[in-house]
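Following: one structure in structure tokens, then a few remarks.
Naming follows writing order (A, B, C and D), and every chain is counted from residue 1.
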């Protein structure tokens, strides 16, 4: 939930083999550091031999002085439980790049939520394979980079994209109806750091033209799916899904128009959870602590 | 919507090539017959060269005396517009047979809605390939017929089912989680007269074990789909779909339990629309006037 | 549903005492005028002695030449059934004024849907009691009029507003989170022509600060209600309502943020229906043909 | 979520003034007892000076031998943090009494979910002020007690009800459309132990005949609210709410019929959470860890 941005708050994310004593060890450690646990969520795939996941939000008085210490001293505990872990500072806002093509509804939803303070993130740059949305992006004070993509120039274009991403020190990428398939090597460089919005209720209607397919099948609900990109097209871990009731009066074009509203809602929610470090990925699924 | 059962009400259902003058011809005819149009719904796939669909509810004073006449005299009008049409009397309740296996949630939902007066239908018989649900069915004063089915005896069993259906003069069949695939010849005999509930948001998770597949894919919504059976498994015209939000804490078994509630809601709604002649099938889709 | 803007299409809206023969008379008349009925919806509060409502969409070939004639010749038919009626041309886009204060989410949703072609309307002017949203409005090429309102100057301000509305020949007004109560005389001048979005699920939480009240009551769903304004504050005919699930973690401020999304969806839908003449008001309720 | 009933599992529920060290103290204590935390949820109204809530599910090997010890030894820790606490054993199923009048849809939903194993509870007795539902209840092997209630005999009747409740050692009561108002003294005896289903989206339409009121107001969604009973009629802590879209075609009677489905869903969910000790009450609100 939204709260005033507290500069002395951090989030600890853990996954490790489940075994007794993890919560006790972590919470005792935090107490010794004089951190106050504000919220904690926990999930285990199986208490016997499963995988344990935890997200703890804590306040740390005298954050500046203490934070590095907290980080260093946690390492041995983490090792003893074979933890995969990280600590994120709330004061350090993530940097998000948005990739778009021509359709603007998802982009504008993100920009509006960003400007209104709903999305506590920085958006230094928008990258597009077309030039149409330059003005609107620049009117928000955000850099716009036009990097055209053709079949022949895809890898070059991705090289340029990577340079921009490096230059702006980007933490994660949102594909806001970016109509290009990223190459395996690009995807690999940003594992669980690229969020896509697919305009169907996956796994229904994988691939191109899902609204036409939904029309042809005569479905009574249309959907949208926000997911992390993997090499397997439309098969990455699902973050959120949303649906909308439709009926026989909707032509394929109407489904597309109606679908925009579920697309932007599902995407914005997924982005918000990513920003707040509420998502843990396990195998090909997400655990969402919200 | 529910209304007191009016014995002088009927429903006219029409589909035909669209052209000017259909509504005028039909409504003028009804007026000449002194019928009063209570509700009318109309849809055209395309005003130019498309297919026209209409459902009219009308009251006919002195129903007994006049109804046959209405039926006869409409034929020439229907012919002139090449109509596919029928008139259903509200006073003549449809006869519905329910096919079940062992799971009872969909059956009980239908029985409860029937007894409460929500479903204005007669249910003379329930047919099952198992004997478990006999007592509960008979406690509702409904005949229960146990017709076991094995791979070898499938066609024989279907022959027995048909005999029961004929004996009870059944109008349509509901597969309330009936875990058998009907043979093409059976399906053909009851075109658009067999409603099935599939336990997924079709076309996602076609085939067996959809909840396991949904679990494996890590979806965030699970669904159910009520549809007419065709020879093409899980590909028949969709009548209704419903979804429910789930999360990572749901094991495959939990998805199954949660799914029961969307299954029974989607199925009951589809059955209700069928009873009230609110569904028209066009190619592989449904037009629903509700 | 969305369709290519057909310049030869019109909508006939009727309400009158129910009696046999209305549909026949209207459809026959349209046929004589060579109009082709594309869609028709009908509702009666009671076939015996109730009120009859109808909306017909028709195509009229040679629209320019014939339209005036259609209009004139319908009058005697309308009279004979005591109809309250109007015919709207699709080619004549309505002119909508938006009233706002400082919050921009509802305004931006409407502007986005307007620019994307979802809302087939003209928006010549936005009127606000504050000056904050001038730039964003003007960037859409829409006039922005700042008319401050205080308790003392309310009637004067409304006089100014009326002048602007007259100058731009406005058909209807949308209060997109306009935080002022309109005077009875203003409301009277625009009966069923002012759409408001109330930030609660009416009739729960009437009046000011509904999100605080919702927080205090501990509700598990929050809502928004789009309605026509009447003299009776928050009591006008409801057009649409939408809800969103919340939980104990939402502070009053979080409810407000989450609520924006249901507000903008409910309002945009209501505006769309109004534009397409899909709403008929009867006593203090709406009949919506969609 | 549903899991195989584990006989060595328990749930610890805590509320206390928030302060640093609570999670550490509790988790360390559990570890010392060799308990393994399977799931934990935590919420604080405010990290500074607010109230802290926690629900921990843990497995305790050698449950029989150890459980009493766990209980005893926790007391001093609880005292040091001024905790309001309890530990519930999963192996000890709660005993639930259902109060009904004549309408059976909520009762049957609960009975079905109980028999199917969805609700892990015992239902020793159903109490009614009418005799109609006796057969159906007894067919489930559940005792049925007919205790008529009139204005004059209300207190006597409640005395009888209490005796039945004592005799069956009931833990909590569900009012499944029980159309009587309980006396303050009865309510006081069962604080946060009586769940009611109100047939509206509270706080809209408080009091009698909510569907008629909803019809008169012309709402576009109808709702149901499950809440704990307090002396303040319809004002107790809300547990769950559910809504359903309706339209102008619904008469008051139709709203009532449609409403049954949301009533039974909201009530069943609330009962399930209560059974699993997922609800904590704070002032007049609920914190739900699900």
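FYI, a residue touches a chain if its C-beta (ideal position, glycine included) is under 8 Å from a C-beta of that chain, and two chains touch if they have at least 3 such contacts.
Quick caveat: nothing in here was measured; it's all calculated off a predicted structure.
Shared contact partners of chain C and chain D, listed by label: A, B. For the self-contact between chain A and chain C, the two sides draw on mostly identical residue numbers; the shared fraction is above half. Put simply, the chain farthest from chain A by mean CA position is B.
Chain A and chain D have Cα centroids separated by 36 Å. Note on chain placement: the centre of chain A and the centre of chain B lie 42 Å apart, centres being C-alpha means.
Of all residues in chain A, those touching 2 or more other chains are 43, 249, listed in ascending order. Interface residues of chain A facing chain D in the complex, by the touch rule stated above, are 19-24, 27-28, 30-31, 34-44, 47, 59. If you check the complex, the residues on chain C that touch chain A are 1-3, 104-105, 108, 112, 116, 118, 139, 249-251, 253-254, 257, 260-261, 265. Residues 43, 201-205, 217-221, 223, 237-243, 247-249, 284-288 of chain A are the ones that touch chain B when the two sit in their complex.
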